[in-house]
Structures are given as C-alpha cells and as structure tokens.
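Before any comments, here is the structure.
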Amino acid sequence: MNTHVEVREFDSNPLDAAEALSFVDAAGNGAGSLFVGVVRNLNQGRKVRAVSYDVFAPLAEQGFAEICSEAQQKWGDDLRLYVAHAKGRLQVGDISIVLAAGSPHRAEAFAACRYLIEEIKTRSPIWKQEHYMDGDSDWVKGHALCGHD
Amino acid sequence: MNTHVEVREFDSNPLDAAEALSFVDAAGNGAGSLFVGVVRNLNQGRKVRAVSYDVFAPLAEQGFAEICSEAQQKWGDDLRLYVAHAKGRLQVGDISIVLAAGSPHRAEAFAACRYLIEEIKTRSPIWKQEHYMDGDSDWVKGHALCGHD
Amino acid sequence: MIVKVQMFGAFRVLGDQIEVKVREGGSVSDLRDSMLQYAQNADLSDLLAVSKFASQSSVLGEDAICSSGEVLAILPPVSGG
Amino acid sequence: MIVKVQMFGAFRVLGDQIEVKVREGGSVSDLRDSMLQYAQNADLSDLLAVSKFASQSSVLGEDAICSSGEVLAILPPVSGG
C-alpha cells in the first residue's frame, strides 16, 4: 500500500510528523511535502485553551482514502500519501492533523498535499469544540456534509 | 528572529525535519508547511548512487535570508521560516534540503513554503555532482546566476 | 422499530448513542421527525434540521429506508478538521 | 596583482582555490581572461565563458574592479539545490 489513512486517539498516541515523512519516503521520491495543523491559542478573537475533536471514524477514514485515491489519479499512481487526524482533547500547540505526500518531483508533492488538506477540511465528518480561557466551550459552526450522489 | 537560514555540513549534522517544524511552531500558528528534498536513485534515466552538493555558503545563506524576507513581505511578517541546505556527499535517501513555514493560516504557510523552494532552486550558488552506479560522476548542467542589479 | 443513532458534535449532549422509535419501513426523513422531541429538549431543533444521517459507510439521502436495530449516525454541519 | 579565486562545481578539478595574476586595476573581465589558460588545461573554457564571479556577498558585473589579495569566487551555472 502506498497510502496510510488513520483517525487516532490523541491520548494514546499523539500524531507524529516524522512518522508521516518516513511513510512517504521511497528511493525514487525526491520530494516530500508535509502539512501539520496545530491547535492555535486564538480563534476569531477568542482566547483558546484547548480543542476537542469529535470524529465519526469509519466514515472519516473512508473519506480520507477516497481523497487519496483522487490525488493519485490527478498527480500520479506513484504518489505516496499519509493522512492522520487526531480525535480527543488537544491543548494549544498539539498537532490535530498531519498530511504528507511523497513524489519523484516537488510540483506533484505540493499539489497533492494541498489537495488533501482542502478536501479533508470540507468533506470530513469532524467537529471541533473549542474550550476558551474564560471557561466557556463552543462547538464551532460548520457547513452541511454532502452525500456523494 | 523568526527566520533561520543555514548551509550545513552533512557529515557532521544531517538535516532534520523535526527541527524545522519545531522552529516554525508558535502558539499563534495553526499551520506548518514543510518541504523535504531527498536524493533520488534515478535522474534522467541514470541510476544514481550518491550526490555531492557544493555550496558557496556565505552567498547562499545571504540569498536564503533575502528570499525569506521576500516571503514575509508577500505573506506576512508573522511567518516563521526555516531553511537548511546540506553540503557534502549524500547517499540516496539522504535529505538535501529542508524548508518550513509556520503561519496562523494554511494558505500562507503553503504559499511561502512553495515560494522558498522555487526561488532557492533558481537563485542559489549550489552545484550538484551526481555519482552513478556505473562508477561515472557528472556535474549537473545548470543555468547562469544573475546579479541583483 | 428501534433505530440506534450515534451522536456527534453538539448532539453529544444527548449521550453517545440514543435509541429512536421509528415506524416500520420508515425512512431517514421519518427518523428525523422522530428525533425532534429529543432535539427540542436540548435546544437543538435548528441543528437537527440541517444535519445529515449516515450509515457506517455513507451519508444517506432523506428517502433511504431504515432497518430495525441498525446503527446510524447523526452528522451536524462539519467544522473542518 | 594577485587575485585569489575560490573554485566551485566543475572548477573544483583545479583545486579549492587558485591564485590568478591580473593587471593592476583590472576588472572581472580581465580576471576572466587571466583564467583562460587554467580553464583550457582542464577543458573548461566553455564553462568559464558562462560563469559569473562573486565577492563574499554579491555577484559581480564584468566591470567590477578587482583588488589585490581579494578572495573572489567563480560561480559556474547553478544546478538548483
């Protein structure tokens, strides 16, 4: 398999950029593009202390795999792709998502990595609950998921 | 300083993606984009065993810093940027370049990281000598550097 | 019949999973109606109206038929990983 | 006067640095001419013609004046990191 997709319980096993890079590495690959999403201390003007990620794992992982397959159709079957999304409560600075694309050439690696993050952001059954410094918590407003047909 | 630029002797200290990510991380940054260039086992149909990178370090580092400053002008002074290029003889699979951009938002992180690699590739005083499986070695053909004026 | 519905996002206030009574042969649309009382109690009726339902492998249309004992999921609007 | 020139890329066959005799007040263009003999010996005259010279901080134009004892660098076409 040249793709790895995963929803991971953050408590038991934090996401790891080095693992992602190592997965997409291959002797023929000259380029690796990696994206890391990290919990910020500020969102829309409110001070954030932590974020809980709720994920419908089976559907999310299936969607990740579909998105990877689309990227390989666009930029080459030889692309190696890695997707991992955290589930659970994360503190500011913790990694919520790691993506990596390995390719013989950099244009494809960048394009694929960018495609993964944009598609995952809009199509994945993932919900964020922000915990603010003032003690409040809120589920972040989102947009409706579409079916595929 | 929110930028780090470096030409590094590969023998003494291999490049390290985790170091790059850790440098561009900051509490306000939600996104990190990383690029890793790796020695491939094939170039233009010839089997490659190793590559020697020759670098005119003072001019290269000055150029890296200029390119970082251009990226900050384009995508924000708050960008954190990391550039490290290896110098010396690398085996297939070894990392020749690591770039990272950290930003509050992903569009800027991706754009800046892509800008860094494209500009570094065309503007840096760096020369590659490929060592082939058949025992031959060749300096890779290149293009003339331009002055800034 | 009883349909089990896994809760996600803001619906977590209702628990991890609830059991909803739906008429035999009912559709996702009927399931949505049957959930209205739960949603109202938690001030989530607006959210229920814009949420989708899914099986373990796909998002379902309003006309999809529910089976007794089936485990579905309610998917409120997603906030993007 | 003597100008020291650091070798890079294919010019490394000539060593890490060579000393080149240039007329007093000579320019980069004169330095290039003075290097021709070295380059010919190593079959590098074509490469010399398309190479630039640089100080430790900038690429130099052909008219830049060399100073005695200065350490310059010869930059053959770059192959892109």
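To keep things simple, chains are lettered A, B, C and D as they appear, and every chain counts its residues starting from 1.
By definition in this document, a contact is a pair of C-beta atoms (placed from the backbone, for glycine too) under 8 Å apart; a residue touches a chain by one contact, two chains touch by 3 or more.
If you're wondering where the values come from, they're calculated on a predicted model, not measured in any experiment.
A.B. asks: Apart from chain A, how do the chains cluster through contacts, with nothing moved?
C.D. replies: B, D | C
A.B. asks: If you take the mean of the Cα atoms for each chain, which one ends up farthest from chain A?
C.D. replies: Result for max centroid distance from chain A is chain D.
A.B. asks: Just curious, how far off is chain C from chain A if you go by their C-alpha centres, in Å?
C.D. replies: 26
A.B. asks: Could you tell me the distance, in whole angstrom, between the mean C-alpha positions of chain B and chain C?
C.D. replies: Averaging C-alpha atoms per chain gives centres 50 Å apart.
A.B. asks: Could you tell me which residues belong to chain B and also touch two or more other chains?
C.D. replies: 37
A.B. asks: Give me the residue numbers in chain D that touch at least two other chains, ranges are fine.
C.D. replies: Expected reply: no residues.
A.B. asks: So that we know how the chains sit together, what is the shape of their touch graph: line, ring, star, complete or other?
C.D. replies: Here the contact pattern is a line, an open path with two ends.
A.B. asks: Which chains are in touch, pair by pair?
C.D. replies: Here the touching pairs of chains are A-B, A-C, B-D.
A.B. asks: Can you check the complex and tell me which residues of chain C touch chain A?
C.D. replies: My answer: residues 6, 8-10, 12, 50-52, 54, 56-61, 73, 75-81.
A.B. asks: What residues on chain B touch chain D, complex-wise?
C.D. replies: Against chain D, the touching part of chain B is residues 37, 53-54, 56, 58-59, 62, 85, 96-97, 120-122, 124-129, 139-149.
A.B. asks: Would you pull the chain B residues touching chain A in the complex into a rising list?
C.D. replies: 17-18, 21, 25, 27-42, 92-93, 104, 106, 109-110, 113-114, 117
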